[in-house]
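For reference, chains read A, B, C and D in written order, and residue numbers begin at 1 within each chain.
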Amino acid sequence: MNAPAKPCLDIRSLSAVLPNGLRVLRSVSLSVEPGEVRALVGESGAGKTMIGKAVLGVLPPSVRIVEGDMLLEGEDLGKLQPRARRTLIGARTALIPQDPLTALNPSRRIGPQMTDRLVRILGWSGEKADARIRQLLDEVQIRDPERVLKCYPHELSGGMRQRVLIAAAFAGEPRLIVADEPTTALDVTVQKQILRLIAQLQREHGTAILFVTHDLGVVAKISQKVSVLYAGKVVEEAETAALFASPQHPYTRALMAATPRYTDPFASLKPVDDKVLAGLAAEIAASDQAWRPPHG
Amino acid sequence: MLLQRFLIRLLTMAITLFGVAVVVFVVIRVAPGDPIAMMLPPGATDADVARLRALYGLDKTIVQQFFIWLAGVVRGDFGTSISLRQDVLGLVFNRLPATLELAIVALLMALAIGGTTAILGARERGTAVEAGIDIASGAALSIPDFLWGLVLILLFGVLVPIFDISGRVSPQLDLPFATQFYLFESIVRLRFDLTRDLLAHMLMPAIALALPLAAIISQLLKQSLKEVLDLDYVVLARVKGFSETQVILREALKNAALPTLTLVGVQFTFLIGGTVIVERLFSYEGLGNMAIDAVINRDLPLIQGIVLVFALLFVLINLAVDMMYALLNPRLRHG
Amino acid sequence: MTINRRELLGYGAAALGATALGLPQIAKAAGELTIAYNVNLPSWDPTTGPSAVNPTIQGLYQSVFDQFIPQKPDLSFAPGLLTEWGWNEDRSKIMMTVREGVKWHDGSPFTAEDVVWSLQRAGDEKTGNPIQFVWKNVNNFKIDGNKITGDVVQFDPVYFKWMSFLTGYIMPKAYYEKVGAEGFEKAPIGTGPYMVDKFERNAFLRLKANPNYWGGKPAFENVTIKFVTDAASRVAEIESGSSQVTLEIPYEEYDRLIAKDGLAGSCKNVSDIGMIFFNDIDVMLDKNVRQAAVMAVDKKLLVDRLLRGYGQPIDTLETPEYAAYDASIKVEHNLEKAKELLAASGYSPEKPVKFTIQTTKGFKPKDYEMIQAIVGMWRKVGIEATIEVYEIAKHYELRAADKLAPTAFYNWGNAIGDPTTSTGFAMYGPSPHSVWDSQDLIDMINPLWGEKDEAKRIAGWKAVDKYIAEQAYVLPLIQYAQPIVHAKGVNVVQHVSGALLPALMSPA
Amino acid sequence: MAEPLFSVRGLKVALPDMTRKPLIGRAPLAEILKGLDFDLPRGSVTGIVGESGSGKSTLGRALVRLLEPSAGKVIFDGRDITHLPEAELRPLRRNLQMIFQDPMSSLNPRRTIASIIAAPLKQNGLGDNLKARVAEALQRVGLPQSFAGRYRHELSGGQRQRVGIARALALSPKFVLADEIVSGLDVSTQAQILTLLEKLAAEMGLTVAFISHDLSVIRRLCRLVIVMREGAIVEASATDTLFEHPQQAYTRDLLAAIPLPEIDDAWLLPAAKAPA
């Protein structure tokens, strides 16, 4: 990797606070190279979804970014005017949301929901957008696009809806997709199909993915690199294969031991050791002490 | 299936109206105030009272009176007004369009004002703009429509006299209208001079009626919008690159409008109820104005006719709301 | 907050639109008069239904129709369509002479036929004339040219006075028979000073001067009468200049408006009084209580404080304009005397006599406030009255059934000023309107109904009024003044009957 | 061998299908469970696994008689409870306890933890010595005594689920239905709760029906497994047998679909079969 290619996404020392001053992101740095799947793994409250939202500019109003830069293909998102930032994000990124049941507007037909970004943000013609969507629906193995496009969301099953959302995410050829726990709400058999689809499309389209998940199993299958988060802090970052081969951080190891594994029931599902938790607490406290919020 | 639903609906409507008819019939006869006592001049004797009673059919029992009346209604004859001495149905239908126009214009204004402020408030949520909208709608809501009427009369009738205080149209004008729907007909006939005169008369009562409803719509819709704006599909739309206004209009509004809609239906019936007093205030020649005279004169047949028409209106509005609800909610449409 | 340019343009357009709509009102042509009237006109037939007996709309009828005999603004009678009228010696016949050369609004000639038809129709039970009982007293009319004679069935000394009063209108026989009742409502004609140009129910009435009016063409060519039933709206109408004349507004507003540039007013006493009925039940049977209740009320104070000085305290049911007014009947306001009277019956402020007083609220100016003040005055002498508010409709019903409380507030109009239509019907037991029904009074009034000697008749009523005052059978309060506000460019002559007549208005 | 605690034969449950409800009249019934036969042996944890729509939760509710079966028989502790009216069920309720999927919504937000645990005790006539019983229940699930006075919102997800367990077990029931009780939890917490339940079941000799969509969790906790699909039992056997030698293709598919936390490049390949 000598080529000085710019990372698709480069997050540098990102910190965010709640109104009460509590830090929810602690100087997070990570980058996603073009065409790479970077997993963000952590338990609830680890801030993994927050990072995805920060990149996409859809943080809840209560969360304030106080430090750090986010570069999307070299463009500093923080330096752009809101309108330009919105358009840039709309043109170069996409989101595969967690819950396919709530991520589609119940009162709009599937077709327009899939094409609106292509037509109104990317400025494609209606025919081009339509053709593209049909192609993507075919790629996500939806066999009767005609019907699906005319459907309302409630007329489709959860798996179908997630396929639609994936097709829509890839349709505009985004450089980066944020996949926010895209299979958590699905049954395992459907999850497997969906993960396959995402991986396949990702390979074919060469899209970079920031893959947010709590499931180390999913991490192992889909990502090339992984950042392990705890309390808004990256505790370990590694190539996925290396991480599973030799996890470095005690928390990573504990997480792996806690993850259920039917092939080895008694080696898995181990509660996290109190010592590990105490160590994490000390680590967080130390990092907060060293941190000076820029300009108060 | 659809036909069955329609017939059932029709049947419930008929039952509702019959119930209203019975209740009104009994109540206005039992309530104090006797139309004959109202018209007794000095010097009348008990014999005169009995004579007039018989003349207006009030010497029979309430049950007899009701069935005589009902038999007439079935034939389309709602009786003759005691005070206006004319066919009740004709009178009511002659006045109904004026009230309908007023109510519809008021409703449109309420929707426009309430909708705009709701959208603005939702877009600027958490800012001083939203706080301002909340204060304004609080004021609009806590002041009843007829007080708004008085305020408007003072403001735009007397201090800055830009609107007409009373009536529906300037008496000096010659009206070419074939129907009583003056406003609509003036637009259809492209007589915008008349449209302007009609609006100059209608705007103040319409605003007075619209403001409280606008405030309700504004608050409720803003609340639903704010809830919807946190939902996943709205977040997704933002990620797609749409501006907040686009997001609100395209993604949030329709879904947020559903809970508001039911309430608007209910509130619209209140608004129509409000026309009674507002029409009186602005001397607007609608059904409500006539209703007050009918009550003052204890004009029993006319009161019955008016109430029944109002009831019919309410029932129809409910039907319309249900239909709109189904139209806006695809889940119901295909259900 | 950020408002983008497009939105700003939108707001601007809306504001522009609003101003464009409110462009100046349609310019008023010369000879135009607009009146903001206080009641709606329900029906065009002045002889049937409730509108026939509604005193407030008689002014509208009198603009379009002529009465058999018109009244001047001071209530005196003058020749009109009937130029002469009277009884024969033994009061068994009436004779009338009809004015010649008069035309109906449609141009057809007015004749004695019309007069007779109108009288017969008014006396016909089937038309639903509430005053049929008056008109049935004469029948068998005969026409000879422009002379009419009729046979008296039962002598009623007030018969001719009724010709100026409720339902006393001459209607067009041929036209009415041609168009029928419905047609007449749509296009009424009369012989009056104004012709109906356009009528929108509950909205307005446009009148056009009758160029051939026998009494001379009225001053204003076109008169628009807007029905503005809400007093605040009438105030706004006159204040904004939309109307030039209005009436029946709160006295406070009257004082405020006539002080303004360009506005003037007139507020004269009219033939309308406020009174408190006593019912011959319970404690009211005690003369001491009645007398004390009357004496304790300071009517002057009511007029000054509550009615801003407009109106006139009265001690009998006759006002100075009425035929049987007797200035010598005075009831003093005397708190000490009232206390003594009550003490004689064993009552005192510590041990008050108790009864209910019924009143309307907002039906007449300051009615409820007046009763509150009276209850306060009573309390000082030993009367504790509980106020019960009712609707006017309930009052009528209770009064017709003789079920009013011991005391009840009401008003009484008497546009012809005859004692029968004031004291007579209000105090004569068998009348459904009377509340006090004692036999002494019935015996005293009975002979007066048929008294053929007018002087004796009037004297008899004066005696009745004096007796009523002595016995304190009723508590007369005040004679009302009617406030009329008008633009300085209009002269308005107020009619004591309370009718607002455009024919009496002229450009200043 | 003692007779099973639950003996279920030909169990059918039909529920009104609200999506097909006409404007008037009842919604047509949709058969959710299509005739199930199985036993739940005493003192053992039985896993009921299936994907959404398989009917596993409906089955749970039929066992504790929150639903009345439309056909078949449910014998509990030797007694036919299939159509028992509510009044006669009431005394049995203390032996038919339930731990819910979402600890957040099953705890009353305005009551203290102590009173939440105490409520079923009082209801079942165990109101004497209440404080001690609550303390014992808290201790059993590993919560400090100081939690007695706290409220729902002051607890973490794992702590709430412990309260749920404490409430169900305070009555020492014969049967506990645990419906997806770890599916909303983080893996670290999930491991704790499972360990706790495992320990308590062994200590108290509980009969547990453990409903889950996660076969890994089932394998750890359960002695027997029932695999369900579309309202019917696909396969039921001892846990080890099922995992070592799944008989049905569906069971094998389910197992293959679980992403194990280990690198396996073939797993995502479309045509690839999971290595044996």
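Assorted remarks:
Heads up, the rule we're going with is that a residue touches a chain if its C-beta (ideal position, glycine included) is under 8 Å from a C-beta of that chain, and two chains touch if they have at least 3 such contacts.
Not measured: the values here are computed from a predicted model.
Two chain pairs, B-C and A-D, are compared here, and B-C has more C-beta pairs in contact (counted per touch definition above). When every chain is represented by the mean of its C-alpha atoms, the one lying closest to the mean of all protein C-alpha atoms is B. One inter-chain figure worth recording: chain A and chain C are separated by 85 Å, centre to centre, where each centre is the mean of the chain's CA atoms.
Remark: chain B and chain C have CA centroids separated by 35 Å (rounded to whole angstrom).
In whole angstrom, the spacing between the mean C-alpha positions of chain A and chain D is 32.
Against chain B, the residues of chain C that register as touching in their complex are 1, 18-23, 25-26, 28, 32, 34, 36, 40, 42-43, 45, 48-53, 125-126, 128, 130-134, 166, 181-182, 185, 198, 200-204, 206, 224, 226-230, 232-233, 236-237, 239-242, 390-394, 396-400, 414, 420-421, 424-426, 430-433.
Interface residues of chain A facing chain D in the complex, by the touch rule stated above, are 43-44, 158, 187-192, 195-196, 199-200, 214-222, 240-241, 244-245, 254-256, 258-263, 265-266, 268-272.
Listed in rising order, the residues of chain A touching chain B in the complex are 53, 56-58, 60-61, 83, 86-87, 89-91, 93-95, 97-99, 102-108, 113, 116-117, 120-121, 152, 154-155, 165, 178.
Note for the complex: chain B touches chain C at residues 32-49, 51-52, 55-56, 82-86, 91, 94-95, 124, 127-129, 150, 153-154, 156-158, 161-173, 196-197, 199-200, 203, 280-286, 289-290, 292-293, 296-299. On the side of chain D, the complex with chain A involves touching residues 51-52, 157, 186-188, 190-192, 194-195, 213-220, 243, 253-264, 267-270.
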